[in-house]
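Next come two complexes built around chain A: one with chain B, the other with chain C.
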Partner chain A sequence: MKTATKRQYSMVIDLHRCVGCSACDIACKRENNVQHSFAWSNHILETRGTFPNTSFRYIPTLCNHCEDAPCVAHCPTTAMHKDDNGLTMHDADKCIGCRACQQACPYGVIYFNQERPHRHYREYLKPAIAGCTSTGPEAAQAADVPIPVYNPTRATTYPGIRPQGIVEKCTFCDHRLAVGEQPACVEACPADARIFGDKKDPESPVSIALRDHASRVLKPEKGTRPNVHYIRDY
Partner chain B sequence: MAGASSHSQEVRPAILDEVNPVDIPRQACVDNNRSFNWITEKICGIIEEKTPTWWWVCFIIACATASFTFIGLGYLVVTGVGVWGLANPVNWGWAIVNFVFWIGIGHAGTLISAILCLLRQKWRTSINRAAEAMTIFAVVCAGLFPVFHVGRVWFALYPGYLFPFPNANGIWPNFRSALLWDVFAVSTYGTVSVLFWYIGLIPDFATVRDRAKTKFRKIAYGIVAMGWRGSNRHWSNYEMLYLILAGLSTPLVLSVHTIVSFDFAISLVPGWHTTIFPPYFVAGAIFSGFGMVITLMLPLRAIYGLQDLITQYHIDCMTKIILATGTMVGYAYGMEFFIAAYGANDFEIFAFVNRAFGNYAWAYWIMISCNVISPQFFWFKSIRENTTLVWVISLFVNVGMWFERFVITVTSLSRDFLPSSWGYYSPTVVDIFTYLGTFGLFSVLFLLFLRFVPLMAMAEIKAVTPQADPHHAHTHKAGSGDYVNN
Partner chain C sequence: MSDEIVYLTQSGPYWDWKVALDLFLGGAGVGALLFAILLDAVLHGKYRRICHTAAWLSPVLVSAGLLLIMIKMGRPFHAYHTYLNANLTSPLWWGGIFQPLVVGGGVVYAFLWNRPDQNVSLRRGLGWALAPLTLIVGSYHGMLLSTMVSHPLWNTGPTVIAALLSFATSGIAIVLLVHLARMKWAGRLDQQDHIATFLNDLAMVRNVMGALLILQLGTFVLWWLDLRLGGMHAQQALEAANRAYGPVFWGIGIGIGLILPLLLGLWSILQGEASHRRQQIRVIATSSALIVVGAFFFRLALVLAGQVPPAATSIF
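Moving on, here comes the complex of A and B:
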């Protein structure tokens, strides 16, 4: 469904600049308190051809914030919805955890909390290196925070840690956008491979990048009209 | 009355002597010329006799089995959905498989009560009551799974999240979601099935009330008979209501499983995203529903000696429906491959090749053997007349239709677009026992039905006996004797 929004936040990923360091993945986990085994910011690794004519591709992935988002159409409770900035947002209060969005999403970027989150930190009482590293609970106690790594600013627009029984996904760091900052993955990228901005503003860096380069999106045949574009593919 | 008198003179048009048409007798729906009284005694006898020992044994086993479901679901609510084998990439597993399986089982009831009623299929009268009961109990079992598979069960049941009570908490459900259509489709289907079942029961409850020997039975059956006296006015209203309900619920037979298929077809998952799903699901549902009707009715026929009421003609009709719908389902299996190849979409082609030859090939070929090959035996009259074989094939149909849902759900999800997100789904012990428990729950309800509700629609069966025909007296020699009372 086409929705008219004030802005359309989009991301352009310059694959020529990307060095594949995964700093975006780590920054995202840190910023959004993303739990063990989930990766709102993720990547595809692809090796093509046969030796010696091989090529290697590293494609960073995240929620595409599709304009015609199948997760929004499939959610029975309107927990998944589009906001005024064109973001595909998830309302944790309305989510019943039916996972219809997960099945509908062709990109596999929605995650479901089967159990109480961050079990890894709470229950793994053996240190990684005995006598050297701390366990999760020890570190949490020392830092006086719920888990060793907890960013309280995440909780301004979305539960800081998503509870058991609901899904979660990338929000383009809407809590950072609200105070005029860039998403954490964009800020963390050492190669400036990620460009973020309002696609409806013709002078935004995103619009300029899309104007200057041929771009592609993931699975265009699904008709979802994603807002994460890739330029300068090898 | 003029018409009646001219009829009694048996004036035969001359043309009939000329063309000499063959007089093919209608197949009898009740064998051995049984009388009205025999039918009443037989069916009321089932609920009036002392509770047999086998019933108690079965009831205790069924209760014990049903407890698996309640223990499993209780554990799930307390611990989290992680106790089921759902994990990326297969996030819908046995829960939706079991849901679709039970909803499919329920299909035969409405088909028999509504569509066959409108089509004036008289043979429906012997099996409609039990099939409708089966429908209702199957919907109860089905309903458990979608409710409990969600992460926050208490929210799914909370008014406003799935049922629209916007003022209660300020939100509306999403009417674009196939899951919400399911809520309405299944609840409407359940409601109309209960209504249909109950309306048909009223004259029979009145019969049981009138025969009751204890005060308790008189009062209990009196309440549910709603003051039925069998007057002309009552019958006229009853017939009209029954016909209206049949008309209303005919679209439901088609809509429920169509909408259940939309849960899959509306998404973009290869192997699910196909337009053939609605008709294919409806055919499969009728197929599995009749499979279950036969599985239940043949043992009851033997136990209660109902061979004169569920005759070979009934078994023939049911097996032919299974043959027809099984063949349709087989056609759909083939057509899916053709469309995938013809559509030339790599993901779609892979999804189907993987179904037949991938990790789950064992499940696929069980499905093909049970659903496509086994019903083909019903082409042979000798097999249709062998009750044991018919019963065994009906079991294969039940097994095959469960596997069909398993194959559709799990094979498509286990192979995501990227090999990095491929997985192999396995159910946990909790999954398995929760599912087995629903058979116990179904059996508990069905056994209670056997004890307290007339198993067959007495009033309707009497209406299809030869003596119920207003013209019967003209074709039947008076005083030749006749109806067998014992």
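Moving on, here comes the complex of A and C:
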């Protein structure tokens, strides 16, 4: 389902610059309070060939915010929707947890909260050092937050911690974009491998990068028109 | 060194046996309703008792399927959002709209069958109004899977046709099975003249059922060809599905659920009048049971196999 939007936020990942440090993954988890075993920001490791003709690739992945997003097309309640910035967003209140979006996504970037989120914090009741360190619930209680490491700004546009029974996914850090900041993964990248901006603005860094380099997207044959582009593959 | 791709996402399958059973029950339910409507319309009350059985079975089966899908949902009490927000591109939205309509209409239709001589025109009118809805819900069960571009095994045209044919065959089979059970409990299977009339009347249904089973078999061949001769992803999906669920799909779904009932029916026809009536009843009951079992396992294998990740392929 293609919808006309004012802006089309996109990301370009320069694979030649990427060093595979996973700082993007960690920053995303911290920024978005993403629980253990979920990875809004993720990566594919590919090893191919036979020695000495071998190759290794590290491909960072995240929600592609597709222009023809299958998750949006399949959502029965319009919980998954496109916004004016071209982002594929998720309305947690409308979500019924049918998992059709997860099933429809060709990239496996949508996660379902089968159990109560962040269980391991709540159930980790033994301190690392008895009488010295705190347990997870003690640390959270002391800071008056739901989990020991919690970013309250996430909750400005999406539940700070997504409840049990619904899906969740990358939002391109829409809460940061709303205050003029870049997504956390872009900020955290030590090699400046991630370029972010409005693809509809010809002078944006994303448009310039796409003009200067041949780019690729994941699974182009699915016809989803992803907005995460990869340049300088090696 | 073998090629290796590591991409850890949430492990599947996202949809399990509950979804497969919902598809089976929903399909059989609307199949049963359409069966009742067509029998009533075409043969004008010749099969009253079967129609009565079919009409009551339909809302029970479709409701059971809906209940299962509600149990499967993460937040079933938010399901009202389906009715507040329309998404015409979502098969699930269509299912959410039309399945309750079929259940509601089906219950009224079933009540009208409790007194078959009264309100005949109202019953037939309601039947004709419900008939297109049964086709929509039958197609929905196939469309739900076939529109998933992410799953090459499902993303084919024959998936929809197979679902439509399967809803018809499983609907008829489950009605015959329950109807025979009703006859046995009522002691009508001991009355020779009653059995003779029943078998004579059923000849047309048997022929229609045979034709539907052959068409279904043909659809599976087309579906297999579509994948086998398709692109790399389709071939890999077929290979992965066969490896994990081949025996269930081809063995139980096709072998036991389609080919065996066809052979039994053929054998029964060849026996002709020489065949003992009780034996014919047994053949009908056995074939119907096999079709029902096969239809469920076909859907189970299809739902689960479609979610099997294929072997490593190039990332871009």
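The definition used in the following text is that the second predicted complex is superposed on the first by the 225 of 234 C-alpha atoms of A that agree within 3 Å, B and C clash if a C-alpha of one lies under 4 Å from a C-alpha of the other, contacts with A are read in each partner's own complex, and residues count from 1 in each chain.
Assume a residue touches a chain if its C-beta (ideal position, glycine included) is under 8 Å from a C-beta of that chain, and two chains touch if they have at least 3 such contacts.
Since we're looking at a predicted model, the values are computed, not measured.
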item	value
Chain C versus chain B on the shared chain A, clash or fit after superposition	clash
Chain B or chain C, by number of chain A residues touched	C
Partner chain in contact with A:G108 - chain B first, chain C second, else both or neither	both
Which of chain B and chain C A:R48 touches, first, second, both or neither	second
First (chain B), second (chain C), both or neither touched by A:T156	neither
Touched partner set for A:R116, first chain B, second chain C, both or neither	first
Partner chain(s) touched by A:I166 [first = chain B, second = chain C, both, neither]	both
Chain B versus chain C as contact partner of A:A100, first or second or both or neither	both
Segment of chain B intruding into chain C (one of 187-195, 439-447 or 475-483)	187-195
Doubly contacted chain A residues - partners chain C and chain B	1, 44-45, 70, 73-78, 94-100, 102-104, 106, 108, 111-114, 164-167, 221-222, 224
Complex contacts: residues of chain A adjacent to chain B	1, 44-45, 70, 72-78, 94-100, 102-104, 106, 108, 111-116, 164-167, 219, 221-222, 224
Sites on chain C touched by chain A in the complex	1, 3-10, 14-15, 69, 72-76, 78-79, 81-82, 84-87, 89-93, 95-96, 147-151, 231, 233, 307, 315-316
Residues on chain A engaged by chain C in the complex (per definition of touch)	1, 37-39, 42-51, 54, 57, 59, 61, 70, 73-79, 93-100, 102-106, 108-109, 111-114, 164-167, 216-218, 220-224, 230, 233
List of chain B residues in touch with chain A within their complex	79-82, 86-89, 91-92, 146, 149-152, 155-156, 161-162, 171-174, 176-180, 183, 263, 266-269, 345, 413, 416-418, 420-421
